[in-house]
Amino acid sequence: MNEWQILWDVRATFVSGFLNTLVLFGVSVCGAFAAGCAMTYVLEQGGIAARVLRGFINGMRMLPFLILAYLLYYGLPSLGLRMSAWTAGLIALVVYHGAYFAEILRGTRLVLPEGYVEAAKAHGFTPFRLFRRIILPQLVIRSRPLLGNQLIIALKDTAFLTIITVQELTAAANSASATYFIPMEAFVVVIALYWLISIGLELSLRWAARFGARRGFENV
Amino acid sequence: MSDIPAVRIDRLSKSFDGVEVLRDIDLVVNKGEVVSVLGSSGSGKSTMLRCINWLEEPDRGSVFIAGERIGVDPSGRRMKNRELARIRARTGMVFQGFNLWPHLNVLQNVMESPIQVKGMAREQARAIAVALLEKVGMEHKQDAFPYTLSGGQKQRVAIARALAMSPEVILFDEPTSALDPERVGEVLQVMKNLSGEGYTMIVVTHEMEFARAVSDQVVFLDKGRIIEKSAPDIFFSNPETERVRRFLELS
Amino acid sequence: MTLQAWLLLLEGAWTTLWICAIAIAIGVVAGLGIALLRMARVPFLDQLLVLYVSLARATPLVTLVLFIFLTAPTMGIGMDRTTAAILALTLNTAAFNAEIWRAAFISFSREQKEAALACGMTNAVFFRRIMLPQMITSSLPGLVNEMSFLIKGSPAIAVIGIVDLTRVTNRISAVTYDPLPPILAAAVLYMLMIGVLLKLQAIAEKKANRLAM
Amino acid sequence: DLADAKKRGYLTAATEDDYAPFNFIVDGKPQGFHSDLLVELKAYAQKSGLDVRQEILPWTGLLASVSSGQYDMAFTGALVTDDRLRVFNFSPPFASAQHYFVKRAKDDSITDIASLSGKSVGVQAGSALLARLPELKAMLAKTGGKMGEVREYPSYPEIYADLANGRLDIAVNAVISVNDLVKTRGDVFAKGLPVSGNGFAAWPVPKNSPELLKFLTGFMDEIRASGKLAELQTKWFGEAFPDMPVEPITSVEQFHTLAGME
Amino acid sequence: MSDIPAVRIDRLSKSFDGVEVLRDIDLVVNKGEVVSVLGSSGSGKSTMLRCINWLEEPDRGSVFIAGERIGVDPSGRRMKNRELARIRARTGMVFQGFNLWPHLNVLQNVMESPIQVKGMAREQARAIAVALLEKVGMEHKQDAFPYTLSGGQKQRVAIARALAMSPEVILFDEPTSALDPERVGEVLQVMKNLSGEGYTMIVVTHEMEFARAVSDQVVFLDKGRIIEKSAPDIFFSNPETERVRRFLELS
């Protein structure tokens, strides 16, 4: 039997894994980005909350994702809190990548010319509107390539969720490759599918880049 | 007009890294008055304006906008940002560096604050913005983004942006520095009209002509101190201090 | 956990540490090189680099490690595990770093560049004296993020038999059937390693505020 | 093949590090059935002028490395399956790999096969265990029950963790692994009953190395005859397996006949 | 002086997004001459300066610096960057927005290019830089970083930075816009001295006084065209065009 033939026969596994990955990725990345923006807002306000949050973000950056997922999924039940694999996985992804998004935005905020912020303050913008209308759009435009990196990392991190038994793309490939012993072929398919998603991401980011370029944000 | 001054500054001091940039500034600006602030480069003019709307937090002293203390609430603590924003919305500012928002085009730059701060309807904000841009001669660049504008064009948009909020007090930091004489004339005319309409203005400027013609008060800053504060006719014809005399001679 | 177990964990941590350190050092510089080449827009090379960055970012590390280790001999290249591991980690991190550096390139202040060119600086001098010092500070959060991902992703190199920190925990829990203690211990060690990077970032960031003039 | 190894002067045997009792590491030193056996293998290879070099890999990369020729053989407790037989031949098996289920020691609701009806089952994804679950299904069908949910995990530590915290009702693993688990964590887990026909643990050798397969068969013959095999089996597995097949397993049909499968 | 002009501009045109900003600009600036460029906001003055040192690539036309064509090499292809840098090193520029380098302090900002471009020794560069900073009254801020400077202070550092390269041709874009009248006088004095020392200068300015007193030629830009180009006494006393007459009246 030909290896590709075997793959074709188990395509259902791959398709459902791919769809699971897409759903996980889509939901978690939207959640994580929103969480990241919210965290950046809290950081922007300063004070004790910001300092605590900064510590939390650094904690997330230090903690391996796997261990976070482990703690949520295997650690919490011993405290009597039991979550489904999907809930635990989604929460882990959102919190973890949210922290990274926040760090990216914070880094860009450090070098955002203060004049723009002062102009808005002088016009009487409340902190929230100032953040939403003046700061955030510029941060997002300026950190576009970094956000792209993070999206792709988040995409691949969905694969860690195999350990908490969410059947996504990598799980499907592992299972197929271990069962039928076709490691290379299975992984070629996986890479191709991940690549497909990340090309999609890259194209949409490139499309979004025109938005920044028209405003003179991209000097080459 | 009521007898509460539009702006009152009491014993304001500010230092950067141990160097005193403002020392014991006292100033009362009544409603509808135009105050010109003169002084040499680095004398603290911009810093004073920035302290008035609390962009810079002074070390000592207090500032009242229409009787309301800015930056510090009645109980003596730092004001909440939301409160601060409410008071700031009553003042407008034109920055020395313009600080147009780069992600918004000219029209959006002008419309943004009325919509976001005052909650004005889009259509109304647009009408006001277009009218103001016409006033400063920038209506043809409505859709341009700031980075494509010339220095003078940016400055004119910045002026329109500050006026769009129709604030009670407007702080101008060298509003005509990047303009050619023609434009200077036009912009000063706009400002004169505003003063006629009862707006209160504090204007940092190097245009002696303007200071003489429009102001009700001229303030001269030297090394962070107000060393003269008088009506323009007295200031220009018969200054008290040797320092001002020298300054006027050279201009 | 026994003292012996701790020693083994430390040994694994050391392996993780030095392999990652090499990959990070090469990856940061290589990423900068790639970003520079991409900014130069050399026709054919540019497309090639876009392809590389895109593919290297999308490929899971485990797959990349295995692929390099297993295909190198078939192409007649003798490669030991450590080299293969470092190569894989470097290929991966360089692609991400290239994007981080590129972000710094494209958002660099046009005005400052013009001021430098107008003085007669060549692009090289401008880059070295004006752009790079500022880019390093402004890219630091992104670069440190990527370093943290590399360190956290490094357990992938165990698949070709390198005994890194995570592998040691597997070995311990395979005997005790109680994975939690070694995993938590390893987590602490990982956090220590990345924590040092974060500390360095914080120190460097103190300098960054004036860049935002 | 063996010829290449002779040219090099040594054989490479890929072993594992977290597969007790076959191959594991204690205090940094390889231990287990294969570690002891490696001494014998070295002595045996010496006779053909060959040295044996041990390489330690995790399971994930192991079979791929052997099949791509990085290493000559996998010297570990690999279970024979139909799909692996497409790529590998197996030496004569050295242990039984009949599948057993494991349950929580405190779980009294499971007593016999019939009581497994509807219980959730954890197995490793892509494993031999998963491949032979249909046998359990057939057994259940005979008692009028049906399979519960089957959950696939990337490896056994997670399965045991979920079993312990109650997300799973039973786990299925090969008998030797089950014995080892229960030996160390008898407080939490209890060994259940067989859930499959006979199975075999043996060393995979790439299909294109017939000489090496012959070499390993010779090795098995020798240690079986000398009693060393039985001794090590008893030491590490707790029992000897006297009625294992003595010929290499090279085809699916042969495997099915030996395992008594249809 | 030789008869090769310091700057020659031939039929220079430039458009942004289809809008012509410069049209058929012709200009010859001889060595040691001072040319003032006047014109209203947005008329293309900055763009013209930026085309002279090829920061902006014109659509048509050519620019020669001391006889050497900039931007295009003799074979008609785009010039190598290294070549371009060599020619640019012979020109200096003071930007409308100052464009100081934020990671360097005031002294370093001024020393940087002599050291990096001319390969000057540190000590010598420092001596020159300190002398120039004294000239513009900024020696007391040597160690300050740009973000702490006031508008006028930045502008003075920017001037010192351009002079530090002692370029043959200096392009000034509104070099006194942020300065008070006192400082304006001092800076203009520095520039007058430079012109006395034989430097060639092209100065975009709104200071009519300066244009009248120092320039050898006054150029008036209107909507991207040079509509007048004459000696200052003629320009100010007897302008040819109605447009310039109107402009002068208002100032």
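Lettered A, B, C, D and E in written order, each chain numbered from 1.
Going forward, a residue touches a chain if its C-beta (ideal position, glycine included) is under 8 Å from a C-beta of that chain, and two chains touch if they have at least 3 such contacts.
Everything quoted here is computed from the prediction, not taken from an experiment.
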Co-neighbours of subunit E and subunit A - touch as defined: B, C
Common touching chains of subunit C and subunit B: A, E
Result of counting contacting C-beta pairs for C-E and A-D, higher pair: C-E
Reference subunit A; chain at largest CA-centroid distance: E
Computed distance of Cα centres, subunit D from subunit B, in Å: 82
Distance from subunit B to subunit A - Cα centre to Cα centre, in angstrom: 44
Interchain centroid distance [CA atoms averaged], subunit B/subunit E, Å: 30
Between subunit A and subunit C, centroid-to-centroid distance (C-alpha), Å: 18
Residues within subunit A bordering two or more other chains: 74, 113, 183, 216-217
Sequence positions of subunit B contacting 2 or more other chains: 97, 147-148
Residues of subunit C engaged with two or more neighbouring chains: 66, 110, 137, 211-213
Interchain pairs in contact, sorted by label: A-B, A-C, A-D, B-E, C-D, C-E
Subunit A contact footprint on subunit B (complex, rising order): 50, 53, 55, 81-82, 85-93, 95, 97, 99-103, 112-113, 116-117, 145-148, 161-162, 165, 171
Subunit E residues touching subunit B - in the complex, by the definition given at the top: 16, 38-42, 45-47, 96-97, 148-153, 155-156, 173-174, 177-185, 206, 208, 246-247, 250-251
Parts of subunit A lying in touch with subunit D, wherever the complex brings them together: 1, 74, 77-78, 82, 162-165, 167, 171, 174-181, 183-184
Residues of subunit D touching subunit C in the complex: 17-20, 24-28, 55-58, 60-61, 64-65, 68-70, 157, 160-161, 181, 184-185
Residues of subunit C that touch subunit E when the two form their complex: 111-112, 114-123, 125, 129-130, 133-134, 137, 210-213
